[in-house]
Amino acid sequence: MNALAILSWAIIGAQIMLALAMCCAVYRLVAGPRAQDRILGLDTLYVNAMLLLVTFGIRIGSTLFFEAALVIGLLGFVSTLALAKFLMRGEVIE
Amino acid sequence: MMELIFALAIGILTASGVWLLLRPRTFQVIIGLSLLSYAVNLFIFGMGRLRIGAPPVLENTESIDPALYADPLPQALVLTAIVISFAMTALFLVVLLASRGLTGTDHVDGREDAQ
Amino acid sequence: MNAAGNLPTWAALLTALLVLVGAAATLIGSLGLLRLGTFYARVHAPTLGTTLGMASILAGSALFFSMLEARPVVHEILIAVFVGLTTPVTLMLLVRAALYRDRIEGSKEVPAADAAEHSIPQD
Amino acid sequence: MSSGMSLLAIVILPFLGSLVAAVLRQDARNGAAVLAGTIALCATVLTAFQFPAVHQGGVLRIGIEWLPTLGLDFTLRMDGFTWLFSMLVAGIGFLVTLYARYYMSPADPVPRFFSFLLAFMGAMLGIVLSGNLIQLVFFWELTSLFSFLLIGYWHHNASARDGARMALTVTAAGGLCLFAGILLIGHIVGSYDLDQVLASGDKVRTSGLYLPALILVLLGALTKSAQFPFHFWLPHAMAAPTPVSAYLHSATMVKAGVFLLILLWPVLSGTEAWFYIVVSAGLCTLVIGAYAAIFQQDLKGLLAYSTISHLGLITLLLGLGSPLATVAAIFHTMNHATFKASLFMAAGIIDHESGTRDIRRLSGLFRYMPITATLAMVAAAAMAGVPLLNGFLSKEMFFAEAAAFHVDSILDHSLPYFAMLASAFSVAYSLRFIHGVFFGPPATGLPRTPHEPPHWMRFPVEFLVLACLLVGILPAMTIKPLLATAVRAVLGPDTPYYSLAVWHGFNEVLVMSLIALSGGVLLYWLLQGYLAKGIDGPPIMRRLKGQRIFERVLVTLSWKWARSAERIFGTQRLQPQLRLLVSFAVLATLWPLYRHGLEAGFQPASNFDPVFLLLWIVGGLCAVGAAYQAKYHRLAAMVLMGGAGLVTCITFVWFSAPDLAITQLLVEIVTSVLILLGLRWLPKRIATVGDGLSMGVHDRMRRARDLMLAVAAGTGMTLIVYAMLTRPLPDTISRYFVENAYSEAGGRNIVNVILVDFRGFDTFGEIVVLAIVAITVFSLLRRFRPAQESVGAPEQQRVQDAYDEAKPDRAIGDTLSDYITIPALIMQWLFPVIIVVAIFLFLRGHDLPGGGFAAGVTMSIALILQYMAGGTRWIEARVRIRPMSWTGLGLLCAAFTGMGAWLFGYPFLTSHFRYLDLPLIGKVPAATALLFDLGVFAVVVGATVLILIALAHQSVRAPRSTRSPTTLTEPPVVAKENA
Amino acid sequence: MTGMLNHLVIVPILLPLISGAVMLLLAERRRVLKGAIGIASTFALLIVAIILMRQADMTPPGSGVTTYQLGNWPAPFGIVLVLDRLSALMLVLTSVLGIASLLYSLARWHRAGPRFHTIFQLQLMGLNGAFLTGDLFNLFVFFEVLLAASYGLVLHGDGIVRVRAGLSYIAINLTGSFLFLIGASLAYGVTGTLNMADLAARVPTLSAGDAALFAAAAAILGTAFLMKAGTWPLNFWLPTTYAAASAPAAAMFAIMSKLGIYVILRLWTLVFGPQAGPLAEFGSDWLLLGGMLTILFGTIGVLASQTLSRLAGCSVLISSGTLIAALGTGGGEVIGATLFYLVSSTLGIAALFLLVELVERIRDPGADVLAVTMEAYGEGDDEDGLADEIGIAIPATIATLGGSFVACTLLLAGLPPFSGFIAKFAMMAAMLKTDGTAVQASTWMLIGLLIVSGLATLIAMTRSGISSFWARMDDSIPRVRIIEMTPVLALLLLALGLTIAGGPAMRYMEATTQALQTPRGYITGVLSAEAAEGRSRP
Amino acid sequence: MSGILPYPLLSLALLILWLLLNQSVSAGHIILGSVLAVLASWAMAALRPEKPRIRRPGAALRLAGMVLIDILRSNLAVGRIIVRSRQPGVNAGFLTIPLDLRDRHGLAVLSIIITSTPGTIWVNYDAAKGTLLLHVLDLVDETIWIQTIKHRYERLLMEIFE
């Protein structure tokens, strides 16, 4: 088993772990119980998804998916932020 | 196998979307329309078949082998569809708000079920 | 993986390690969402993913592509910076919102709005 | 003037006159009358001049190409028969015009009356002179229309309105039947040309479609001629001004049906079906009409029923199918026109001069208006068939034909008796007319003191009565050549021998006449006591009012049933409509697949990847969860929807679509902000206790049905997608894009090149959609009235402000400021960062994932973030954004970039690219597509910002809290934040 | 391609876009200028459309089409605009309705909400684009353009009825758009092309399995188009929406339901013509059945209507049903007659929609005032610019309105002297032309339905007309302006003109039919068109 | 200088951002990036934010290193709690800390540090009282946390920003 094969398996393993992490997040998303739990779940889901995309880039050997991850990293928080503000203030833009 | 998962994914999105589309509350309908738009976007995308690791971005411009790239056309179509469905979601949302304000109900018919 | 043919062994192994560690950290963090009992406890969990998990995986990625393309590929730093800046914003706002909601409902788990001064321990 | 041009003039002149009259001033009574009279006279004279040409069996014709491919040319045709009819129409038209000049009141809009009258005359002449059956139908329907307008002329009377509507409904319906019948005849014959149809009688009668064609044509003719059972509209048409009645119900409208029967007699008659249908309709009408006429109290009503009866007589004659009967029919048509027109006019004079038409009130008018009375008495005698008057001659012929043998049947054998009976009735009502109005004690209490009318008003009556006399006394010298011409034109070689002598000797027919005359007198004498009671309407039949049945049927069919049917087969509710649409789509999709068979492809299956499966477990849970939560937990549903969207986005990455992933993500973000902005105006739905438990069986059924439909739709999509994914991709047009993206369009990112170049026109349309939606949203929100419950500030803000206010060391807004200040600082510093990233995405789009759309959305997110951080007022005090202008300029930028290619002779959107050699920087690719993408960018920024900001602005609209302060109750939870 | 005249084909799309975008840059209060720009642009559109029609009419039928290769990319790869007699006809019809509606709106409606003129121009752009495009997905895009604009126009003027109707309209059409997308992409997945001509060329070569999937795609598309055309049972939204829309918007919509029919006609003659092998004549029985049911439902609806505007909406259904059913009979000459009917009924319906509002002012003189106060409600600071002074009240108002109403009635009921009669006659005569073979029972039924629907229209319209014009209690004369009456009269005169010029009109329609029935001309015309120098087909 | 380059540090950071995004240090990108960085800083100037003054860059670096180490340590600690503990989160609790730091940028950085560190989260800062409400996952000894925040971070931040 050469190093590349190890890397390949490692990445698949990592992706499975990340996917499981997404499952955990989605549990909160679905089960709640409160709105804040769901929002937290969504935020986690976003981060996990971003990491999954990065690992996917390694797996494919292409940087073309980097910007997708970058967009999640930079802007993914906006929707959760809006949700949080909505909970606190009842409206997103005052 | 991936094809089956992909197909089932579209099926689930469609079923959820259709279910919501047929509900009486405007908000349910807008969520349903969004889910349906995911389903439809994936559907269009799937019409170019599934290719892993072949994004249609030319790396070597000297000799171009079309077989190396995923079908770019459905992707372009999906992009257009995404934009349009975003616009329509916005419009539907505002109309449902206006309807709620004017009719006093969030029933899709603008009046609570009489029957 | 076909494109990774010219990767040195050490780099491959290191990448594998970094990615696995990052994924494990992230998974543990997300497991926290399941295991932790209250919202305020749960809110700590995802930071594992946004710190160690992210850093590790991004480092793996940077290493991998730098080796692969034989030039320094460091734009992963951007993701780290962005996530580092943005995640706290969300979490802060979310926790405060949760606090408001719990106070409104008269939850015993959270300190009352006025209780702040009294809870300052004397040292 | 050639004969063809004359024909054209005869038909067209009245229409032209009608147009002229329509634009005359409404008080131009004399002008309109002179115009109408002149035109009618012209038409009469022009027609008269054609007599030499048609006298010897000649046929005049003019054809103008109209719809040649459909075999429909505008053809006018005149033979002896139609000449005679035109003379009647035009001549009596002239007399009626003259009469109407004096009859119509200056208070009425008289020019409009003449306009309608002329148009009606034109339409009638059009029917008569049509050389093409479709053209005949064309004019036929026009007569229905103009008769409607004429009958309803005094539309302030409800009876005029009802009468007009009924006449129109019945005759137009009949006209449509006629239309269908003519289509059938045309189908059988292969042409609508009258001459060809007339030459194809055998072909028509032996065709399998003969019976339906006959029935349809008869429906047209019998409704128009007010034949039983369609007779009821005619008495109600008496609400029209009397000149109209005189014209429509003597020579024209009702005669159109008779005309058609005579015209098509050579083609349709001679079969048993013809005999039974036409004779029974005619006979019933003859008897019933005459019977009912006796008991009318209204002069015009009496004349109306008499008209019905006489038309029945003509119809009966035509139904007999013998040439001699047809001669009688033609003859009686003319006679009836003369005496009935004069009678109507006389009735009009009586009405005009005495103020009433009620026989019960009228009496002894002879001494006030002796001349008119004499004229009316002669005309009534003609109607009764008194010898030495024209009515007698044609009635004799009728009796002869009734007694003759036609088709061996009870109907045929009973005809003479019914003929005598009806004749006796007609004597009785004629007597009643004469005796009741002109004799007896002088009338008292009439609205006006009666006297003779102006001379020219009486002139038409005099003229017509003279005609009755002349024809009655000297038939051979007056009517014979005309009748012969007409008969020859219809019957051709079958023309029988007939005699127009006044005296045929003492024969069977004379006996019948005598019996009828004396029977009529006797009947009137017997009935006097009953009639004196003044009961309106005939005994027995009084209750059976055709009109009322008609109204009831019409209302039931066209209103009650229609409304129920609409309720049953339609719905106003959205859900059933969507359900139908989805079901329809599912079934329509499955049907061809079921018929042709759906098979999976043979592409080798790809490797299983557990990660992807896990991903879609996540995605599926989110989708189903969203579906489950959307009713009461909107926020949850929204969050779950976001989860599903995220997984969709990863799927795009998975299968090599980075552009899609980026765009989907960005749109996802904007959409969720948008929906949240909307949720603020959508009051909460509180799940009521027991909701879902108390759900009725009906609801459960509906849900089960929806669930099945949803599952069916999902399954269908799955099947199709699977079938598609497993078959190889055909040779698609994408190959061209891949091969030419770089060399021809100068871009490496093929998707982007497609978007801005190969299929830039799609993108062009797409940004227009975005712009329109933004404008529409903006417009809607300009007048947005929020739901009552959300008019005030959200509960959270009220609670927090109340808390701040209650604390001495806090000011209102401190809670917000504590909450947002620190995060807002970070968000502000992200502003330039996001802008730079947006520009980055924009500039790299042509070569790498990104592009104008993604950049535009990113840019608008940068702005929205600042709105969220600082609030609307804060940001707008600092940055002035003109989204409407961004949108407009973006559209123009895209359009003008595309049009720039015109300057070089290339089509719209032809791109141009080259490498610019810049100092220091080196070669830089520059493509016009980038300029186009700039337009896209601007529109996206403008539209997205416009939509979001317009929504956000609702919160700062000033007067909203004052609108309904009473509905806002402070929630009791305020204290708890304080606690 | 040299000379600006070559670009004329795209002008019907660009001109409204540019004028719409320019108006977006103008402030809201500059309504006079905007009105002038709108009118000028629409008139120019009409002139261009007429030139294009003449141009299209010069090519011999079936021998080719004028194409415009956007971006200079050859078909089937790039998007092409295709000008033939059919599209030219629809362009002319669109601009005629455009002028009528726009003129009408200048009296008051353009002030009832912001940015009316831009949305109106973009509506025209969407329609023109949909008629011109030769690409299936581009058709979707233009459908969305015109739908988006129609959403704007339905909601224009605001109010509870419009918003309620708008919500249903949007929800249903969004669902329809999804179907369009699914169908179009499925067609691509099977055939690998989006160009309609190329699609037609590729369909006969499909394997049996692929053909089934393509048929499914066609069925999905068909569902979407039939919904948009207003086919029963997918049409309940239509009368409600059209009745709720403001008069000029509704008049414009008269052609929108025809668009669904246009597309069916275009695609079905092109793709499912006799050359399509197993898919030839796909679904025509269903068209016939659906069309007849639609006529029936429209007839019921017309009779059951309580308001004139709903009656007008239901008459759209009759018109649609007639067209669909006639297409379903599929006979050669029927299509020509059907096109004639399409033009005639569109003019009639548009005139009626414009008229209805004026007539309702007679019925309820308060409505006039109400409309004005309604405009005043929520009127922004910049909406005060124009008072009611455009146009003067016309003399003999009632008589003019009444005459127009009668004319509309005749036109829609298919009675002479208007073109409706010729149209119905032409259709029925063509259906009965069977060259000796027996006429099918379904054809007889259709003919019967056509006649009955005409009668029902007559009865229903007479009923409302009498109560509006003849049975009114007061003698007040409603305020109707020349600028409102002119479009109605012009549309009716056009319909009358169609009767008189029936020969040439029918000749055009028949040439159109001939071209439609020889799709080879279209296909080769599109696929063999030369690109301008520089690019060529590989 | 402030007219063209209102925020020089920001502009520099944006230039670096641009170069990182494009993964290139070519002259073209440096020029383009500089132009964009200046333009973007103008956009920032439009918002008229408070200008941060960074007095001691050295302290900033020290802080950064410290924070990284703390974050790594906390990762392990929190990971252990999640995986090992029978009842994870049982010791969690709120904690109020009075702060002396008033500079808003300093507070912002502190909030990022605290929230990014697993196991602690910034809940609310009462500007009037200058108190910070925290939530801590493992609140066994409150004083340790106060020590850490006040002495490790707040002091350094005050050095940098005030």
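Just so it is clear, A, B, C, D, E and F label the chains in written order, and each chain counts residues from 1 on its own.
The definition used in the following text is that a residue touches a chain if its C-beta (ideal position, glycine included) is under 8 Å from a C-beta of that chain, and two chains touch if they have at least 3 such contacts.
None of these values were measured; they are calculated from a predicted model.
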item	value
For subunit D and subunit F, chains touching each	C
Per-chain Cα centre nearest the global Cα centre, belonging to chain	E
Most widely separated chain from subunit D, with each centre as the mean of CA atoms	F
Centroid-based (C-alpha) most distant chain relative to subunit E	F
Centre-of-Cα separation between subunit D and subunit A, whole angstrom	59
Whole-Å separation of chain centres (CA-atom averages), subunit C against subunit E	57
Subunit A-subunit E separation of Cα centroids, rounded to whole Å	48
Set of subunit B residues in contact with two or more other chains	21, 43, 46-48, 52-53, 55, 57, 73, 77, 80, 84, 87-88, 91, 95-96, 98, 102, 108-109
Contacts with two or more other chains, residues of subunit A listed in rising order	15, 18, 20, 22, 35, 39, 41, 60-62, 64-65, 70, 74, 76, 81, 83, 85, 87-88
Contacts with 2+ other chains: residues of subunit E	137, 141, 144, 148, 151, 155, 167-168, 171, 175, 182, 186, 188-189, 194
Interchain pairs in contact, sorted by label	A-B, A-C, A-D, B-D, B-E, C-D, C-F, D-E, D-F
Subunit B residues within the subunit A interface of the complex	52-53, 55, 57
Contact set on subunit B toward subunit E in their complex	21, 26, 29, 33, 36-37, 40, 43-44, 46-48, 73-74, 77, 80-81, 84, 87-88, 91-92, 95-96, 98-99, 102-103, 108-110
Residues on subunit A engaged by subunit D in the complex (per definition of touch)	12, 15-16, 18-20, 22-23, 26, 29-30, 32, 35, 38-39, 41-42, 45-46, 49, 52-53, 56, 64-65, 67-68, 70-72, 74-76, 78-79, 81-83, 85-94
In the complex with subunit C, residue positions of subunit F that touch it	17, 20-21, 23, 71-72, 75, 78-79, 82-83, 87-90, 92, 94-98, 111-112, 114-124, 126, 129, 131, 133, 135, 137, 142-143, 146
Residue ranges of subunit B touching subunit D (in the complex, touch as defined)	1-25, 27-28, 30-32, 34-35, 38-39, 41-43, 45-59, 61, 64, 66, 69-73, 75-80, 82-84, 86-91, 93-98, 100-102, 104, 106, 108-109
